[in-house]
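What follows is a pair of complexes built around chain A, which joins chain B in one and chain C in the other.
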Partner chain A sequence: MSEQTPPDAPPAYTLDVDDATNTIRVSGTLRLNGVAAYQPITDTLMENALSWPQCVLDLSGLAFLNSSGIAMLSRFVIDMRNREDASLTIIGSKSVVWQGKSLRNLQRLMPSLVLELK
Partner chain B sequence: MTDAADARSRSGAASPGGWRRGLTARLAWVSLIIVAALSLIGSAIELTLSYRDIRTNVVVETNAALDLVMESAAEAAFQLNPTLAEPVTEGFLQLPRAAHVVLYDDFETLLAEGHKSDPGAQPLANRLFGDVVLYERPLDRAGLVVGSLSLTLSENYIAGQFWAIALESLTVGVIRTLAICLVMVAVFFLIITRPLVQTAAAVGSVDPKEPGNHLLPMPKGHRDDELGDLVAALNALLRQAQIGLDQRDAAERELTDLTHRLEDRVAERTRELERANEEIQNLNRRLTEENVRLGAELDVSRRIQHMVLPSQAELDAIGPLDIATFMEPADEVGGDYFDILFDGDRVRIGIGDVTGHGLESGVVMLMTQAAVRTLVAGDEAGLPEMLSILNRSLYGNVQRMGGDRSLSLALLDYHPDPEQAGFGRVKISGQHEVVLLIRDGVASVIDTEELGMTVALVDDVSPFLASMELAVQPGDTMILFTDGLTEAADVDEGLYGLDRLIRVASTAAATGDGSAGIRDQIIADVERHRGQKPLYDDISLIVARPR
Partner chain C sequence: MTGSRMDTDQTRSGASDQQGPPETLRQKLSDLEIALTTAVEHGDIVEADLAATNDLLQAEIRERQLAEGRLTRVLMALEKRKTDLELLVTTLTEHGDVMDAEWLSRYTQVEALSLADPLTALGNRRAFDKALEQAWTDARDNDKSLTVAFIDLDFFKSYNDQFGHPAGDRALAVLARELTAVNGSRNQAAYRYGGEEFIVIWPRISADQALAQAESLRQRIWDLAISHPTTPAGRVTISIGLAHCGGNDSDFKSAEDLVAKADACVYAAKSRGRNQVHHAVSAGYGASSGSADLPRERQVGAYSLLHEGGTGEGLSLSFLPSSLPLQRRWRNNGLSADFLADYVTNFLPFEETATEQEQLMLRDSISFIANELLENAMKYGVSAPGEPITVRLSLLDGQLVFAASNPATNDVVTRLEHFVGRLDSGTVEDAHLAALEAQSEGGDDSGLGLLTMMMDYDAEVGWKLQPAGTNAHRVTTQVRIAAPAMIRTD
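Moving on, here comes the complex of A and B:
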């Protein structure tokens, strides 16, 4: 699995937070270098998800997520699972290769997670 | 010498100092010659007319004088009286031009003779008037010839009168010629030469650097003639030249300006480039260091990966199963792992794929191999228990390493049936790619997703672990692989795919080939698909058949 990130490459992803629909939409490709590099994204996810009654994470436009990103996502899901009142929906895409198994694993980590594969 | 001074010195030829070669002098000479020639012709005509007048006058006047004295002369001849004849000859000699008078009677006897002293006719006078100086008259009285009168005129005297007239005519002619010439030259000088010379001097004093600043003065009274046209044309030329010079100066100033600005910009750009170059060189040094480091890491990873793969001799020594393996690392080595362990009874197979690449993935792969081998050697627990311990151990180490590697991992445990050769049971646990079991040309696709969880991702995977068991019989073919195979891309980025793998593996298994033959057919087909496309990820393949 190739995930080398050229130094100083422009961000290849976008992160939109929509308060009205409680949706965080991540799209593009995420190849940040190491778990620490994902901390700002983790913070954004947690901050919003905790202030909303329920959180929708739309990853259907995320064409690539490297292993550090999957580790980050897994930890986010486990954190959500550990909060009794948390409600999380993840929207994925069947046509994106990495998402199939990885998203189903997330669902297994948090059985209450609603997974919508488009 | 400057251009201006040069122009002035050349214009000197037309100034008053250069009269002899000037237009006025030429006009003077030409008009003098023409007027003199005309005057000469006029004088010649005048002289001719005068010559004829004098001759006529001489003849007429002489005859008139003869007529007057004819009667007295006849009377004297008739009487043969010299006393009467004397006054006749004396009377004739009173005529200024008479030279010699003789009176004869009818017997040719001289009655009277008179003459003036005459030095003898000059040849030219004789030629001009020799034919009009002799007069013979018979003397007639009452019808009888009584004698004759002979009169000779002085040629010199007549010629002298003629010369006097000629001299006067010549003098008048010369004076007239000179006067006409003088008037013509004066008029020509005033009308043409002087304004021309003034204009030439003005042209000579034009400053070539500023030709349009002092235009030529218009000569008085010449505004509408050819000279005026010339001056106007010259002034237009000077103004045009001034415009041209002004434009040239403006262009020059602009060019100088641009050059200065360009120099400034070049200097600034050079400084920027120097800074950029320095940065690039720094970056390059860092990149070179990084590349050396990465190259060394890749090398180490590749060696780690190959060092711990089972050897062909080991595989050949596995009694119950005929096993063939294949591994091709990608250019940037991925983290494929597989191992086959035979303890003389059971065959354990592990296959997995560590995320990422490079040294870290290689190390996780090595730890996985060591941990699996250790656990298999202990041989105390079932596969899920082994996986749970494995996960805890790897998770701890991955956290130490920075925590972004994880792996898919499936473990298989083959128990040959001690009663029946070629029969056996295989247990499968852990989450990895699908496992294919081909029997009679039909492939069963065994999904391992629910049998485990990504290893080293969370601290405890025990809630997600499960296992399953399959019966194996002679002729069956088991296929294990990593996603590098099904995701091998062709030149159009088309993936090889699970369906094609199943089709090719099923066909190959049906040929009755051994595991090595089946493996070779599958790999050959993958190579056909890939063509020249480089590998993005490691490809691993295990083919196992009971024997």
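Moving on, here comes the complex of A and C:
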């Protein structure tokens, strides 16, 4: 489990990796400055997702994600789609305004993606 | 090929027709054979060449088919990438729109919160500053009136101390609710200025309307009868200071002037005993509470009348109840009862050593007593609605003497009649204590404010029963304030 709290982006975000359930949980507010700043997160996602038979990405606690963040997430989904044996489930929340539309768009990038909006 | 066949035919034709020497024929035959061989070989070469060309073409076709296959796969990959990119752009755009809307919503909420008082939901000081600037600009540009009124909860600290801050917060919320109810119009807005102080902006209404609204608010709070037993009124009351700018000809040259005047007025309202409206009007009545600009001859005449109080009527001014449903509003030729205080104070012979603050306090006291007399005259039936009340003032034996009467019946009364018995057997201090006790027991608090004022000014009260046959409850009452040392009595 890792936790990151960028000093210039309060309130902080949290990224939890749960090997037992093959789940990565991202919560809080993600507004890193530019796509490059998201590289450590991308690496964490890919590293774990590829080592699991099935990956669950739980974003239901992610209240805010800026444009660089959604770009990072889109690339991650495309990468997962391009690996024929990859399986991805994304959990979102209906109460978080941005997730309804943006996560459905991710599903269009990867039709096999399972989207659960709670 | 066609040429060779023709040559052969010609040769055969020539051999049968001419019958030449054999050598010639052999030569021709040889030529023909050579020609034939040449033709055949040429055909073989051409055929081989065609075959080679065909092979090359077939190879090229296969190569191109392979290239086309590769190109198709590249195109498909590019098409996929294009679709991905289009989806990515759509996702980013829509995500950006959603987040933008979310930020705007939060910004709007935060902006609203930054201008609102969380306890009362009224505008806060920041909102007031913005609104005042707008209202002042509108009034100045269009030569319209503008009123600002300070509202202060009386004895709020002791209320908090006695009942706790939650109760104090509820009292503030109640006042805010009443303020909103009185305002009514969208253009009239109330703000929490700080602590127990509120302020309202009333644009484009007359001074009469502003005073009526202020008085209505004071009365509403009074009528709520929220218990506050340690105060003279025994309930929660408010003091209001109102400044009205009638237009560009007024004395107020800036919004800050107007607010400062309203602030001074609420201070005056408090120093006069609280639970009242004190106002300053400029370019409205032609008079302001601070200093009435009276013609000199009227001042001299009034001064003479005051000094003739011992032998004559003193200074008498008749007041008619205003058409407004407010007992505290009395008018005399367009002047309020409050104006009487200005009128008198303006020509009182003050000693040179009298400070402005002392003069202001005396003026407020006179205004307070005049109002008390007028109210009680109405309350106790000396004057019916529509009948005039005369307030008489005189300087008598070094005392300022006040009396209110109905000129038709000559009845004179103040609420002090309730304390005749108490005063008969004791001092003003005793009567004051008795009034406080009566109030704490839920009894009538009439006269308490006046008694307090009398104590402050070391005043005396004189009375006598009306002649036999009149109502025994009516007494001729005079309030005599020992002229402070600041007034010359020579």
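One rule holds for everything that comes next: the second predicted complex is superposed on the first by the 107 of 118 C-alpha atoms of A that agree within 3 Å, B and C clash if a C-alpha of one lies under 4 Å from a C-alpha of the other, contacts with A are read in each partner's own complex, and residues count from 1 in each chain.
By definition in this document, contacts are C-beta pairs under 8 Å (C-beta built on N, C-alpha and C of every residue); 3 or more make two chains touch, one makes a residue touch a chain.
Model, not experiment: these values are computed from the prediction.
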Message: Once chain A of both complexes is superposed, is A:F64 in touch with chain B (first), chain C (second), both, or neither?
response: second
Return first, second, both or neither, reflecting whether A:I78 touches chain B, chain C, both chains, or no partner chain. both
Partner chain(s) touched by A:W98 [first = chain B, second = chain C, both, neither] = second
Review point. Once the shared chain is lined up, is A:V35 touching chain B (first), chain C (second), both, or neither of them?
Key: first
Between chain B and chain C, more residues of chain A are touched by B
Just chain B (first), just chain C (second), both, or neither: which does A:R108 touch? both
Note: overlapping chain A surface for chain B and chain C spans 66-67, 70-71, 74, 78, 97, 101-102, 105, 108-109
The answer for chain B against chain A in the complex is residues 330, 332, 334-335, 353, 355-357, 402-406, 431, 449, 453-454, 457-458, 464, 487, 536-537
In the complex, chain A touches chain B at residues 1-4, 34-36, 66-68, 70-71, 74, 78, 97, 101-102, 104-105, 108-109
Given the complex, residues on chain C that touch chain A span 84, 87-88, 90-92, 94-96, 98-99, 101-102
Chain A contacts chain C in the complex at 64-67, 70-71, 74, 78, 97-98, 101-102, 105-106, 108-109
